[in-house]
């Protein structure tokens, strides 16, 4: 198996994401596109102990190409959601985390998460330091596959986003390849955490004083808006 | 010694739990059932440096089957508590942590910890996203073995729980096998931490506005109850 | 060099303490007594990259027995403080950390840090769950060696303590051997962090409502005092 | 390649900084001076996976001496900023982090970050425990290279500083060699975090009651100013 085989990469990244607290309790997931195939993790396994022979390979329409020998394994519950980002946005990899920073962001913001004037915004493709980075927040559903429709709507309604937050659940993040998806996941997570800490300290998360900043005392927000 | 020998697994998991801050200061413990035997860690040793030859093996009634050569070692103080979960619930593994998230949860909630509408609730066997996850909180005692009676009462009174919190002390978590117990431990710990952060931000931890949410400002709780 | 050689242990522990955030920026220190000799780390080196050949050996009166070949190395600035715990308390190892939890504890408590009714108190030799654990806090000085007199006074005034906090600086912790000193260091650090989080949440850190709890709203403290 | 080759050191340090959360999302950077050459990381690569053959070598005037074979790599965007610290201060290494503690410090302080009476201040060359440690904060710009002029002004205006904070972005830290730069980076980061936690707890970060402490209740600040 080659050093950059998607199956090795997925297992390696999953271990790293576990250490970041993103995929504990068998939660979260990851897939990497390999030409016209998608390599995807199984559902409900310990992500930090995953092995290459436990992975599935799908076609872009979701049909099964190869499966692991272990008959108890099923493809990740995120499969239909991952395929949305791949087919609607040309994503080369999609990462799903249960990061508590993402969940807290969905609790502290209403329909949209937004920040501006933070350097890490530049880590998101197409965004500059002074841009208002917006991430749509969709409602959670009892079953993960039932999120697919709302995720598609959010992807279409927010053509510049590379992530969709799911309320009280986590976040889906993608990029043109696995490096871009991982970079995006790290930058978004940093920004979710920064926004939570800024709100706690009474600091506005955007400069424009938009609707998402309604709960921040006006004077304080102005006083700090100098970066 | 086989790769999946419970003695190796216990030492491996103990190291991982140390890194999570769950078993520092020689605290906490773990046991794994192996057929009609229970492999259990010794008391008061550094959990992250534990070796397979330091473990004990007990019968299901608690009688000693094998013991380490080192005469200074005693079985974990948690033994009688571990056996409650094994014999009353058919647990295949039990984990005891001193996680500060668990301790803070016992300080911020009264007789019961409860959350609803958080995705990680689905990581607990038998629970769905919208279910109200309840974990009983029992009072701590001066000696760990004196907790056994209250733990048994809580297990019988809460037939759906896979965990019991001990006030100002930590949590006991179990599952049908070691993978399930570890998954439960990670999900409960995430939920304890989430609830502590939600309370700090003035966000209700359940949607029903039950007695455990009395300290949360009503308007705020309603406004946020939308996930 | 044997597996349990104090020089190897010191380097191994220093790396672990670095990962805990206790000895960053070359701060902190550790010594282990080996019969009538004391093995001690050098001053101002990166603790996580320390090597056995960089260590010093002292007699119990502080006189130098062996020194590293590198002429630029000096014995730890903590030396006179370490020897106080060894000679006044029979300590077999002493650990000095700059843990931010310890520093915050010195800022939130006045002359004494105190907690009661937390399970981790039992990790300190001679203490029970319901005991009031008290750690004296001494004022910091411009030079570390100038702390020695105040440290000796605190050790004599608090015969049951295994630690002395230094205001805005950190903590000195000891035990009868290196395992006991490390266990104590982990338990104290956990308790410092717990107390800081409890104060933040408005929860009293002791049950007796002593002078150190004056800043906690009385009603809240009573309501929570049930563990 | 020798054990202390700057190219190996840069990759090793970058991995460690990633684990500290300082260079996630390909952010941040590091350079080490080697005689009259400067070894520098490439722009926009995953810092924790960087390899020695991906590094650039520059002359002190910024002209390119050697470059990696991979034609897609460009020198770090921090290059002109790194050279300011090298040429104006004789720095032997410069570290740039996006640490959230640094960013929060720029949001909670106005033009200058300042602390006094914290032991870790002694980790900064030339500073004592009771000194007022001041770090200038410059405004961020849309492009990193546009920071160079403001950085130079701050370096000249604050002759004692070994760091410059960039508002809503991060920090540049240097030292006479890589060990000193790393020690400084760890001490500054600790102090940024300490100051954020002290502000959150209503504790003044300096004893003098200067302009940067205007938002701290006076009585509380006095009561705590005893270290």
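Chains here go by letter, A, B, C and D, matching the order in which they are written, and residues are numbered from 1 within each.
Heads up, the rule we're going with is that a contact is a pair of C-beta atoms (placed from the backbone, for glycine too) under 8 Å apart; a residue touches a chain by one contact, two chains touch by 3 or more.
If you're wondering where the values come from, they're calculated on a predicted model, not measured in any experiment.
Overlaying subunit A onto subunit B using CA atoms gives a rotation of 90 degrees, to the nearest 5. Of all chains, the one whose CA centroid is most distant from that of subunit A is C.
Taken over every residue number at the interface, the positions common to subunit C and subunit D amount to under half, indicating a different-residue contact. With centres taken as mean Cα positions, subunit D sits 29 Å from subunit C. With centres set at the average Cα position, the gap from subunit A to subunit C is 41 Å. Multi-chain contact residues of subunit A (touching two or more other chains): 200. Contacts from subunit D toward subunit A in the complex involve residues 24-27, 46, 98, 100, 103-104, 106-108, 139-142, 166-170, 199-200. Residues 117-120, 123, 128-130, 179, 182-184, 186-187, 189-190, 193-194, 197-198, 200-201, 203, 224, 226-227 of subunit C are the ones touching subunit B in the complex.
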